[in-house]
Amino acid sequence: MAPKHPPKARLEHSENVAGGAAADVHEAHHPSGPLRWLLTTNHKEIGTLYLVFSLTMFLIGGVMALVVRLELFQPGLQLVRPEFFNQMTTMHGLIMVFGAVMPGFVGLANWMVPLQIGAPDMALPRLNNFSFWLLPVAFLLLLSTLLMPGGGPNFGWTFYAPLSTTYSPPSTTFFILSLHMAGISSILGAINIIATILNLRAPGMRLMDMTLFVWTWLITAFLLIAVMPVLAGVITMMLLDINFGTSFFNAAGGGDPVLFQHLFWFFGHPEVYIMILPAFGIISVIVPTFARKPLFGYASMVYATASIAILSFLVWAHHMFSVGLPLIAELFFMYTTMLIAVPTGVKVFNWITTLFRGSITFETPMLFALAFIVLFTIGGFSGLMLAIAPADFQYHDTYFVVAHFHYVLVPGAVFSIMAAVYYWLPKWTGHYPDERIGRWHFWLSVIGVNLLFFPMHFAGLAGMPRRIPDYALQFADFNMASSIGGFLFGLSQLLFVWVVIKCIRGGVPAPAKAWDGATDLEWSVPSPAPLHTFETPPDLRRVAS
Amino acid sequence: MSGGSYYVPASSKWPVLSGLALGLFMIGTGVWLVFDRAGYLIAVGALAIVTVMALWFRDVVRESRSGLYDEQMDRSFRWGMGWFIFSEVMFFAAFFGALFYIRVFAVPWLDGEGAKGISALLWPDFVASWPLMNPPDSSVAGPHEIVDPWQLPLVNTLFLVVSSITLTLAHEGLKEGYRDSARNCLVLTIVLGVCFLVVQGVEYYEAYHHLGVTLQAGIYGATFFLLTGFHGAHVTVGATILIVMLWRLQKGHFTPDHHFGFEAAAWYWHFVDVVWVGLFLFVYVF
Amino acid sequence: MRKTYVLAALIAGVAWLERNALADGWNMPVGVTEVSRHVHGLHMTIFWICVVIGAVVFGVMFYSLFRYRRSKGAQAANFHEHTTVEIFWTAVPLLILVAMAIPATATLRDMYDASEADLDVMVTGHQWRWHYDYVGEDVNYFSNLATPREQIDGTQAKDANYLLEVDQPLVLPVDRKVRLLMTSSDVIHSWWVPDLAVKKDAIPGFVNEAWTRIDEPGIYRGQCAELCGKDHGFMPVVVHAMPQEEFDAWLAERKEEAAAAASGVDRNWTLPELMERGEQVYGTICASCHQAEGQGLPPTFPALVGNQALLDDLERHIDTVVNGVAGTPMPAFSGTLNAVDIAAVITYERNAWGNETGDIIQPSTIQAQLSP
């Protein structure tokens, strides 16, 4: 089942083929200044653009979350009116999901997929630039809705009809159009990644030789292409219901509001795995590096990822246990959802066995990766509790759910992105990130994130619904703790911004192979990686024999 | 896999401009729908998109013709187009899924059948049927007659099926090096596509003016126009692409073994045809 | 020695969890129905399963982290697969899940069996209040948030049931199977009372079934659990469960009240009478959208004060309130308010906040429109 040779063997054979030096032919046509960034077709520059965009959106979405946390610091309405509170919750969710986490992973893919498979660039470089520049346009449009009469989207990031159709503010049409653009961006980006992985691997690199980061992105790209069009479809139906008098989600004309939810979650559940599979890939490359031991169960990791992706199409209605599905459907979705714990468990066990009998060090990327394993698993456990349909009647739409998904998304997806940034910064900038600030950032984040999200479990179990600007007195202590944690975590992210800027501007120079336990192909090119790498693909065929 | 000839284009202004053009189009659409103003912005946006895309593809064609692309590049295009069509399949799958859900679950439930039949409490007079002539609430006027599948839609089915064949013949001609036959068959394909659109236009006119099938006529009208409308939009795009391919054929851009632009257009056209067959069966006949 | 400490700490930790973290106010309530006890049992079982798995997994993980530190001179081994182990840790979770699915399935089937109920109540969600209709009993009423505005804005101390109190709770008999028929008049709401372990969405145009059989008399509180617009956080559910006899007496009393209200229709009402009643109706029902002073929240909710077009057109005013405006949040009140209330609130709107039409709308006029 497993590949005949561990992926580790690759590096030694490819050191001599690093493509750095001969790069400057293209430099001649390369415009400088801002135009360079607008017009670039280079995967590294586009990767950087994505990452900067993602960080910006994370900060904007984070500030919105802080508005929410500030209002919830105490019972009573103090800071904002309920109308605005709902807009903050909604925009926070939308921006974090579509603006921060997804583009963050796409940025990492842009940078690292070609480097890890020995490709000269992405398969379709101009398309790549197009995919990126759609995003700022889309999000400017989205943010501008906040200034329109009646305000911006206020119906949750899940925008259930008819609250989002008949009962929504006029700006909803703009929200739909901006989401269309973000969707086109994702689809085209995913097509590019898939074509790159399938077609641009260095000679001799078989599928089962790819790193797990590349594998998980291959599968993620497939998920994106499969479900983003469904989102496009459902928002198109909304557009028609709002502007052209159709009745897709209106029983008076024979439609059904629940149809909206089926379509949304057919997209939405794979979407949450889109936000975690690349994270699994990142952890699977970082842990072996710092344990100095090959990844345990490479093949089963690949199969587990594929199983999760396939199952993700069969579980969507676990978000809809309380809409009154027929019993048989309820049971089906409960069983399939529980099944997902099995392949995910395989991953967790493999990571831990990789640590077992390793030779472990704790640099910042590793710290984030380890925190990921623990905290993501906790989020997974609460997910499993949610999967038990009768119990979900009690959890659904409470802060227990909010706790669940923040555990998988913040110390899950976001931590994995941060781990990846710390891990690959030496390759990007040629300098090591400041280890001391990195550690401060790590420990403050870990403490902050738990103080922020752990009490939400209790608030939810005790009965606090989500998406409310004000709450009953028995939830006061939990909320106060959460809010303090929120500010601690939020402010700590300034350290992250600082480390990154500092690292770009200088620091301890990093050699090509910046981490002594690293084995993948990207460590064979110089640090910082020159603009053009692998123009002549490295020949890995000898290794395969 | 080839050694080092993969072409990485230098920077280009077309992608950013395409993004801006699309943004303009979207903003125009929004301003028109929400504030009922500045409808011309939509046209400006659409024109901008078409122009920039044309310039972008002009670059691609030039590069291709000057031999910058190797086989690996060709495969990249193939994967790209293939996955793009897959995304379109999923787009239509969502609409078909909606249609099935409505027909199999929602409408019967409203009339008291099935697991949520108790909903009929709210609609005591409602009788389920498909096509749904009388929506549950009397404030929504249903259609009084439906489009007869065995008239115009059947004609349209023939048009598209035949057009798929003529397009295949065109492709065969191209591969065998018979440029004229390829051109003739391609022209025929385009004509059939345009005929399809004209007939669909007539059908829509009839639907609106004589049958009462409108977007507002309850869920039947809504799903009817959703599915046929988006299909029609795809036929329009497909026919436009074919016209461009005809022009390129005339300019001698294609060689018997190097004509992926043509093939991609053909894939797209066949896909649109297959969708139509699904539509014909599930929107019109059954 | 060290092991003993660790063990002791572990036991202490678990004991603390049991006593505090899982105590009331931190954990899911056990509730007052058989179903809610089953659900609580499921919840605790799966929770402890997760705790145990977590302890094992994290135990091995932290053991490895301490034991195999490079700073301690650990040398890396080189193994990277082991088929037996991999099969083992695929199979064991699967078995655990199957074991978990069995009781969950049983509970779910039970929750879905709403047949043979002793009493049916139609529960309708409105932006932002619940409406209860005792099917076949001619008793129906709105249940509105009763927490005063001042407490929310912080100008007054909050009382114990802040945001969880209503003017008229849903009254139910204990030890009877009550079927709840959920629907909505506008957007999706969700009716939830934790102590009953009932949460079901109220979907416009469709009806959902749920049921409950309460064991103990008492007052049980919950909230709307589906985002339904700006006042989603302000539409609590309160259930008052009482013994059958008490319930019967209450129901009879409500029926009489309803009859009395209906009789008021025929007499002529004076302006002050209508204004007084209208103010009260306006405050509980209309103010959430049109705001306390009738200023509305444009562009979504129109102002009623100084709305000249409206004040010039009495017909339209009546028609709007009776039949609502389709396709907007403005509900039809013909089915939920009686003629007196509608007449009163329209009179009030036309004469309050500086609106000075002097119009007096008699309940009989409205009645004529309600039953054509």
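Note that the chains are named A, B and C in the order they appear, and that numbering of residues resets to 1 at the start of each chain.
To be clear about the criterion, contacts are C-beta pairs under 8 Å (C-beta built on N, C-alpha and C of every residue); 3 or more make two chains touch, one makes a residue touch a chain.
Protein identities per chain, from UniProt: A = Cytochrome c oxidase subunit 1; B = cytochrome-c oxidase; C = Cytochrome c oxidase subunit 2.
All values reported here derive from a predicted model rather than from experimental measurement.
Annotation for chain A: without this chain, the others remain one piece by the touch definition.
Two chain pairs, B-C and A-B, are compared here, and A-B has more C-beta pairs in contact (counted per touch definition above). Taking the mean of the C-alpha atoms as each chain's centre, chain A and chain B sit 31 Å apart. Rounded to whole angstrom units, the spacing between the C-alpha centres of chain B and chain C is 44.
Shared contact sites, meaning residues of chain C that touch two or more other chains, fall at 205-206, 208-209.
Residue positions of chain A touching 2 or more other chains, listed in rising order: 170, 251-252, 256, 258, 324, 327. For chain B, the set of residues that touch two or more other chains comprises 109-110, 116, 119, 122-123, 136, 139. Across the complex, chain B is touched by residues 26, 29-31, 36, 38-42, 119-121, 123-130, 133-134, 137-138, 141, 148, 170-171, 173-174, 177-178, 180-181, 184, 187, 190-192, 194-196, 198-203, 225-230, 232-234, 236-237, 239-240, 243-248, 251-256, 258-259, 262-263, 266, 324-327, 532, 535-537 of chain A. Within the complex formed with chain A, the residues of chain B that make contact are 1, 3-4, 6, 8-16, 18-20, 22-23, 26-27, 29-30, 33-34, 56, 72, 75-77, 79-80, 83-84, 86-88, 90-91, 93-95, 97-98, 101-102, 105-107, 109-110, 114-116, 119, 122-123, 132, 135-137, 139-140, 215-216, 218-223, 225-226, 230. Here chain C touches chain B in the complex through residues 181, 183, 205-209, 326, going by the rule given at the top. Across the complex, chain A is touched by residues 21, 25-29, 38-39, 42-43, 46-47, 50, 53-54, 57-58, 60-61, 64-65, 68-71, 74-83, 85-86, 89-90, 93-94, 97, 100-101, 104-105, 107-109, 111-112, 127, 151-154, 158, 160-164, 182, 186-188, 190, 192, 194, 197-201, 203-206, 208-209, 222-234, 297-300, 327-329 of chain C.
Chain A meets chain C in the complex at residues 1-2, 6, 75-78, 81-83, 86, 149-150, 154-156, 160, 162-163, 166-167, 169-170, 250-252, 256-258, 291-300, 322-324, 327, 330-331, 334-335, 338-339, 341-342, 345-346, 348-349, 352-353, 355-361, 370, 373-374, 377-378, 381, 384-385, 388-391, 393-394, 396-398, 458, 461-463, 465-474.
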